[in-house]
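Naming follows writing order (A, B, C, D and E), and every chain is counted from residue 1.
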Amino acid sequence: MELYLFGENFFEKHLLTSAGQLTELLKGPHKIWLNISGLGDHKLISELGNLLNIHSLTIEDIMDAGQRPKFEEFDDFVFVSTKMIYTKRALEELEIEQISLLIGPNYVITFQENHKDVFDPIRTRLENPTGRMRKLGSDYFAYTLINAITDHYYKVMEMVSEANEDLEDQIIKARKKVKLEDLYIHRKTLQEIRKNTWPMREIISDWKKSDHPVLNEKNQIYLNDTYEHTIEILENLELQRETITTLVEIYMTQLSIKQNEVMKTLTIIATIFIPLTFIAGVYGMNFTYMPELEWEYSYLIVWVFFILSAGLMLYYFKKKNWF
Amino acid sequence: MELYLFGENFFEKHLLTSAGQLTELLKGPHKIWLNISGLGDHKLISELGNLLNIHSLTIEDIMDAGQRPKFEEFDDFVFVSTKMIYTKRALEELEIEQISLLIGPNYVITFQENHKDVFDPIRTRLENPTGRMRKLGSDYFAYTLINAITDHYYKVMEMVSEANEDLEDQIIKARKKVKLEDLYIHRKTLQEIRKNTWPMREIISDWKKSDHPVLNEKNQIYLNDTYEHTIEILENLELQRETITTLVEIYMTQLSIKQNEVMKTLTIIATIFIPLTFIAGVYGMNFTYMPELEWEYSYLIVWVFFILSAGLMLYYFKKKNWF
Amino acid sequence: MELYLFGENFFEKHLLTSAGQLTELLKGPHKIWLNISGLGDHKLISELGNLLNIHSLTIEDIMDAGQRPKFEEFDDFVFVSTKMIYTKRALEELEIEQISLLIGPNYVITFQENHKDVFDPIRTRLENPTGRMRKLGSDYFAYTLINAITDHYYKVMEMVSEANEDLEDQIIKARKKVKLEDLYIHRKTLQEIRKNTWPMREIISDWKKSDHPVLNEKNQIYLNDTYEHTIEILENLELQRETITTLVEIYMTQLSIKQNEVMKTLTIIATIFIPLTFIAGVYGMNFTYMPELEWEYSYLIVWVFFILSAGLMLYYFKKKNWF
Amino acid sequence: MELYLFGENFFEKHLLTSAGQLTELLKGPHKIWLNISGLGDHKLISELGNLLNIHSLTIEDIMDAGQRPKFEEFDDFVFVSTKMIYTKRALEELEIEQISLLIGPNYVITFQENHKDVFDPIRTRLENPTGRMRKLGSDYFAYTLINAITDHYYKVMEMVSEANEDLEDQIIKARKKVKLEDLYIHRKTLQEIRKNTWPMREIISDWKKSDHPVLNEKNQIYLNDTYEHTIEILENLELQRETITTLVEIYMTQLSIKQNEVMKTLTIIATIFIPLTFIAGVYGMNFTYMPELEWEYSYLIVWVFFILSAGLMLYYFKKKNWF
Amino acid sequence: MELYLFGENFFEKHLLTSAGQLTELLKGPHKIWLNISGLGDHKLISELGNLLNIHSLTIEDIMDAGQRPKFEEFDDFVFVSTKMIYTKRALEELEIEQISLLIGPNYVITFQENHKDVFDPIRTRLENPTGRMRKLGSDYFAYTLINAITDHYYKVMEMVSEANEDLEDQIIKARKKVKLEDLYIHRKTLQEIRKNTWPMREIISDWKKSDHPVLNEKNQIYLNDTYEHTIEILENLELQRETITTLVEIYMTQLSIKQNEVMKTLTIIATIFIPLTFIAGVYGMNFTYMPELEWEYSYLIVWVFFILSAGLMLYYFKKKNWF
C-alpha cells in the first residue's frame, strides 16, 4: 500500500500497512493517492470498503480480475475499472491486468493485481512541485492515471504493427515461408486487445458526460484526448484486421498461382513425352512381322516425327500462354 | 410443487399439492418461493392462474416451452421467462430448458420443464438465517435466481472454450487429423447458446429500467452484475466464433500447402524420369538400321546424358524453390 | 364475397354479390367479416371503396399483389397489407399470396388473391358461441386473422428446417452426393421468406403502438404474441442461413480433403514406379556394347535395387504422413 | 425549353427561348412546367436563376451532372436533384442522367442533361382535362414526375433480374460455359443502380416530412407509394446481390467437383497401368541371365498378374467411392 | 509565417517573423490569414498560443501530426484539425499532412506540417478584389480552405479509380499477368484514404450544426457542398473496395478454370497413352514362349486396338465435355 500525500506545496510518500491509518489523512488538507498492489489481502480491502462506504458489489468488482471494464457513480466517489495491457514482444501472449480506480473528493485509490504498472512517469511528475498534477484536484490526477494506461496501449499497438509488417514482408515482399501459427497468434492478439479496449470507449464517454460532484467540469476537457486516443486505437485495430485478411487472401492466391505453375510444368513434360514413349514402345515390340523395322529410313522418320510432335506440342502450349 | 416460506427469522419447506393451499399463505407475513417442476399438470397451473389473476396469454407462455425469453409487467406481478442451458460434455447436444418467474410483492413462483435445475446453491443459502436473501424482498430473491441461471451459462461457455482449444490443438499445434463434424457441431452449439443468451440482455435491461412496485429500486443494483455477465458471455461467444472462422481458414490454407507439396513431389519425379524413359525407349526400338546401336561409346554417352539431364532439372526446380 | 355476421349471440354466413348490400349491414348491430377472394372484380372493389371512403391509393395497394406489406391508419379504419406463404414440400417454389385487411369499428374486410387461405380454423372458431372472438371487437378478430397468417409461417419454417437437416445429413453424416441445385433453391427459399417476413415485424410493431380509435387498447396485448412469433421466425431464418453457410464451407473442405487424397495416391504410385520403369527401360536398350547385360548377377542386382528403391520411397511417404 | 401552361380548364404548350418571357407567366393564373433539356446554355440558366432568386450554389448543383441526389428547401421553392437510369439491354453499360426539379408555388422547372427522358406518359396525361394533374397543385405535378422516374427504375430492375436468371441458367441448369466478364459487369450494374437509388430513399423521406408552404400536406400521401417503391427496389437489389454471391459460390464448387473428377480419372488410369508397364519393362530387359524368360508359363503368369493387379486396384477405387 | 491582410478594398501580403507583430494587426480593421508552415518552431507556436489564449491541449493537438481530425469550439475561436492527402501516381505511397485551422472573428490561422499545400488557387482568388472571399467574413474564408482540401481528395480518388481500371484491364480484359503486390498496395491506399476521410464527415457535420459566434449562419450553406463531397468520396471508396473484392474473386475463379484446363489436358493425354504404352511394353517382353509374336496379323491387330482404344477414350472425354 503505497500512499502519496500531495498538495500545491506538499509531497510525501508513505507505506501504509492498515486501512485505519487512512481515516485521519482523509480529513486532512492534502490530496491522497493510495496504490494497492495485489488483491490477495481480502481483509484489508474490506476494511477499506467499510471506511469509505463502498458497496459490497463494488468490492467484488475490485477483487474479481475477470470483470468487464466499467464506470459507476456512487454518492461519495466515482468507480472506474479498466485494464492494463503488457507485452514484451509481438506475437507473445499478452498480459492483461485489471486496475480499479476510486475517485473521491480528495483521494484516488488504485487497486492493481500485481506490482507491475505503467505509473512510473506519474510518480516522477508528482514530485515536481510546479506541475498541474499538484495544483488541480483528484479528478485531474485520475485523468493522468487513465491517460497513462491508454498511452501504454499505443506501445502495444506499435508492436502489433511491427508484427503485421513482418507478415507483410513474409508474404508480399520476401515471399519467405509463412508460419501459419504466427498468423493465428497475431489475430488472437488483435482480438484480445480489442476486447479490452472496446469498453474503454464507453467508459471514458460516460466519464466525460458525468456531472458527479467529485469531477470538476473544467478538467473534463483533459479526457477528450484520452477518448480520441481510444478511438484511434480501435480504428487502428480495425485497419490491422483488414490488413491481415487481405494478406491471407493474397497468400492463398499466391499458393494457387504456384500450384498452377507446378501443374503446368508437369503437364507440358508429360504431354510431350508420354505419346513419344508410346511410339518408341511400339517399335520395341518383338513381333515377327513388323515391316517398318526393316525399312532403311524408318529410324530417321521416327526421329523426325518425335521432333515435329514435340515442337507442335510446345507451340500449342506457347499459344495457350502456359510458359 | 416445492414451497419455501421464509422471512428474517423464519424458514419452512413444504410440498404443496393443490393451488388452493396457497391462498392463505399469500396473505401471511412470510415470503414465498413456489417452485413448480414439470409443465404437464394443466389444471393446477390454470388454478394458480385464476388465483393470482394471471392473463391467459401468460399462462400459455409459461406452458409453451418454445417461447422466446421475455420480461413483462402486470398489475400485481412481473413475469420473466428465460432459459437454462445444460451440457454434460463439450460437443454434446445442449439441453435447453425454459424457466418462467412470477415475481409478486411477497412471492416468487418458478415454472420449470423438469426437475433438473441450477438452484441447489440457492436452496442452501436460504436455510442460512443471516443471509441477505432472507432479509431483502422477493425481488432480491428473484435476482439470485436469475443470477444462478446466468452463472450456469459461464460453465457451459467454459466447456465450449475447452472444445475450441481442442480444435486449436488439432489444427494449429499437433496438426492431428481434424474431424469436420466436430467443427460443425461446435458452431451449432455456439449458435444455440447465442440464440438463448441474446434475449437475456434485453430482458435484464428491461428489468433494470422497470419501476414496477414489486421491484425495490434499491435492489436493482444487483442486476448490474447479471447484465454485465450476459454481455460478457455474448462478447465471448463472438470471440469464439471468430476463432473458429480463423481456424477453418488456417485449416484450408494448410490443406492447400500440403496439396502443393504433393503436386511438387509428383512433378519433380515425373518431369525428371519421363523424358529419360523416352530416350531409353528409343534405344529399345528394334529397327534394323540404327547406327548408334553399334557405336562403342553410345551406352556411356546415353548415361552421361541421363545424368546431365536429371541434374539440370533438379537445378531448375531448386532455383524455383520447389524443395 | 363471403360475409360473416356475428355477435355475442348471433352468427350468420352469407354470400354477398354486390357492395350495395353492405350499406345496411354496416349500420346494424353485428360485427362483420367480409372476405373477398380474387382481385379480378375491379368494379366491385371500387364500389366498396366508395362505400367505405377508401382512398384511391389504398385501392391500388389492395389490387396490386406485388405490394410491400404495410400498416396505414385512416380516419375510419386501419389498413393492413401482408403476405401468406404456402409451400407443399421443402425445396419447392413458394407460393406467396397478398392479403389486405381493412379494420373498421364493426367490420373486418379481407382481400385475397385467390380462394386458398389459412383461415379455416377461424371459420370454425367463429361458429362457437362462447369464444372470445364473438365477444371482443373487430380489432380482436383482425388479430386472430393476422395470428393465423404468422402461425402458418411456422409450418413453412418447419419444412425449411427439415430440408436443412436433409442437407446436413447429405454433407455431414451420410456424405451422400450433394445436389448443388438443392443448396441454391434452399437459399432462395430462405431469401424469399425473409423478404416477406421482415416487413411483418415493422407492421405489427406499428399496429401495437397505434392508438387509432378502432383498436381497443385492451386487445393490443394479443399482438405481443404475434410480434414475438415474427421475431422468432426471423431469428430462425438467420440461424438457417448461417447453417447453410457452414455446411457449404464444410462441403468445400471435404472436397479439398478428397482431392488431396486422390493426389497422394497418384503421387505415391507414380513416384515409385516411374523411376523403376526408367531403369527397366535402360536395360531394354539394344546397344551392342552394354557390359552389364552379360554379367551373371545383373538381373538379381536390378531387382534388389527395384525393391530397395520402392521401400525407401514408401518409407519417405510414410514419414510425411501421406498414408 | 419546353413550356407547358395548364390549369383545370386550360392547356398550352410553348417553346421558350429566353428566360425573360417567363416573368409575366409566373404572375399568371396558370400552373407552369418548364422543361429545360441540356445544361450547356449557362447564360440562360443563370438568367433563370436571377429571375427566381436561386442561390448560386444551387445553380452549380443543377449544372454539375456529377452531383449526389438531394432535397433542399429554399424560401420560395423546393429543390430536388435526382437521377434517371436508362439501359437498352441487360449487361450493357447504364446511362445515368441527372434531373433537377424546382418546385415553386405555381411552377415546376426541370433541368435535364439531354433530350431523352421518361416523361412522355406525363405529357400525354397533361392533355387530359379531367386528370388529377390538372386540378391539383404544382407539388402534385412534381410528385408525378418523381414517380415516373422511380417507375423507370423498375424497368431497369427487370432487365437486371432477367440477366440474373440467365446467369442462373448458365450456372445451375444448363451448366453452360459461364462468361466471368458477364458476372463482373452484372455486379457493377447492380452497384451503380444502388449508388443512384440509395439517396432517393433519403430524399423522398425528407420530402414527405417537409412542411414547406409549396408542398400541400394533403398531397404528401402520394409520396408514400414512391417511397415504398424505392425501398422495394433497394431490397430487390440486395436480393440480386445475394443471389449472385450464391451463384459464384456454387460455380466455384462445381469447378472443384469437376477438378476432383478429372483428377480421379487420371489417378485411376495411371495407378493401374504404371505398375504394369514397369513389369512389362522388366521382362523387356536384355540381360543374358534372366531365368524367367525361358520358363514355359511365364508369359501366362505375367498376364494373370496383370489382370489380378488391375482388378484389385479397381476394387480398391470402387470401395473408396471414386467412380 | 505567411500573413495576408485583406478586406473588401484591401490586400497585403507579409512575411511575419514573430508572434508579437500580430497583436496590433488583430485589433485592426482587416481580415487576417496567417499561414504557418512547419511545426518545428515550438517557441513561436506557444507565443501565438498565449497571445490568442489557446488551451495547452489544443497547442499539443496542433503540433502532434498524428492527431485524429476534429472540430472543437472555444470561447474566442473555432479549432479544426484535418488532413491533406497528396499522391504523385496511383499505387504510390500516399503523403498525409495534418493541417489545423483556428477560425477567429477576423482571422484564420493555418498550421501545416510543411510548405507543400493545396491553397495556391485561394492565394490567387484572394488578390481578386471583387471575389466573395474579400467581402465575406473569416468563416467564409475558412470554408474555402476546407473546400480546397476536400477538392484535392477528388484528385486522389481519380488516381485510385484509374489504378482500379488498370487492375480491371489486367484481370477482366487483357488478362495480363496480375501483380498481386499492386492489389495489396491498392487496398492499403483505399484504407488510408478512408481512415483520413471518414472523420471529415463528422467534422463538417459538427461545423454545419455549430452556432458559434464566429460562424455566420448565412455562410453555413457553403459547407453543404463540402459535406456532400465528403460523402461522395466515402461512397466512392466503398464502391472501389467492392470492385476490388469482386476482381479478386474473379481472378481466383480464372485461376481455378485455368488449372482445370491444365488438368484436363494432362489427363486426356495420359489416360489415352499410358494404357497403350503398357500394351506396347507387353509385346516388347523377351519371353521365349509368346505365341502372339509369331502370328502374321498380330502387329496389325495391335495397331487396330491402339486406334480403337484412343478413339473410345476421346469419345468418352468429348461426352464428358472435357474439350
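Side notes on the structure shown:
The criterion applied here is as follows: a contact is a pair of C-beta atoms (placed from the backbone, for glycine too) under 8 Å apart; a residue touches a chain by one contact, two chains touch by 3 or more.
Per UniProt, the chains are A, B, C, D, E = Magnesium transport protein CorA.
The shown structure was predicted, so the numbers you read here are calculated from the model rather than taken from an experiment.
Common neighbours of subunit A and subunit E, by the contact definition above: there are none.
Subunit C maps onto subunit D through a rotation of 70 degrees [Cα fit, steps of 5, range 0 to 180]. Residue numbering shows that subunit A and subunit B use the same positions for less than half of their mutual interface. Centre-to-centre separation of subunit C and subunit E, using mean CA positions: 41 Å. With centres taken as mean Cα positions, subunit E sits 25 Å from subunit D. Multi-chain contact residues of subunit E (touching two or more other chains): 252, 256, 259, 263, 266, 270, 274, 277, 281, 284-286, 290. Per the touch definition, subunit A reaches subunit E in the complex via residues 172, 221-222, 224-225, 228, 231-232, 235, 239, 242-243, 246-247, 249-250, 252-254, 256-257, 259-260, 263-264, 266-267, 270-271, 274-275, 277-278, 281-282, 284-290, 322.
Residue ranges of subunit D in contact with subunit E, taken from their complex: 55, 57, 60, 67-68, 70, 72, 180-181, 183-184, 187-188, 191, 195, 248, 251-252, 255-256, 258-259, 262-263, 265-266, 269-270, 273-274, 276-277, 280-281, 283-286, 290, 292-294, 296-299, 302, 306.
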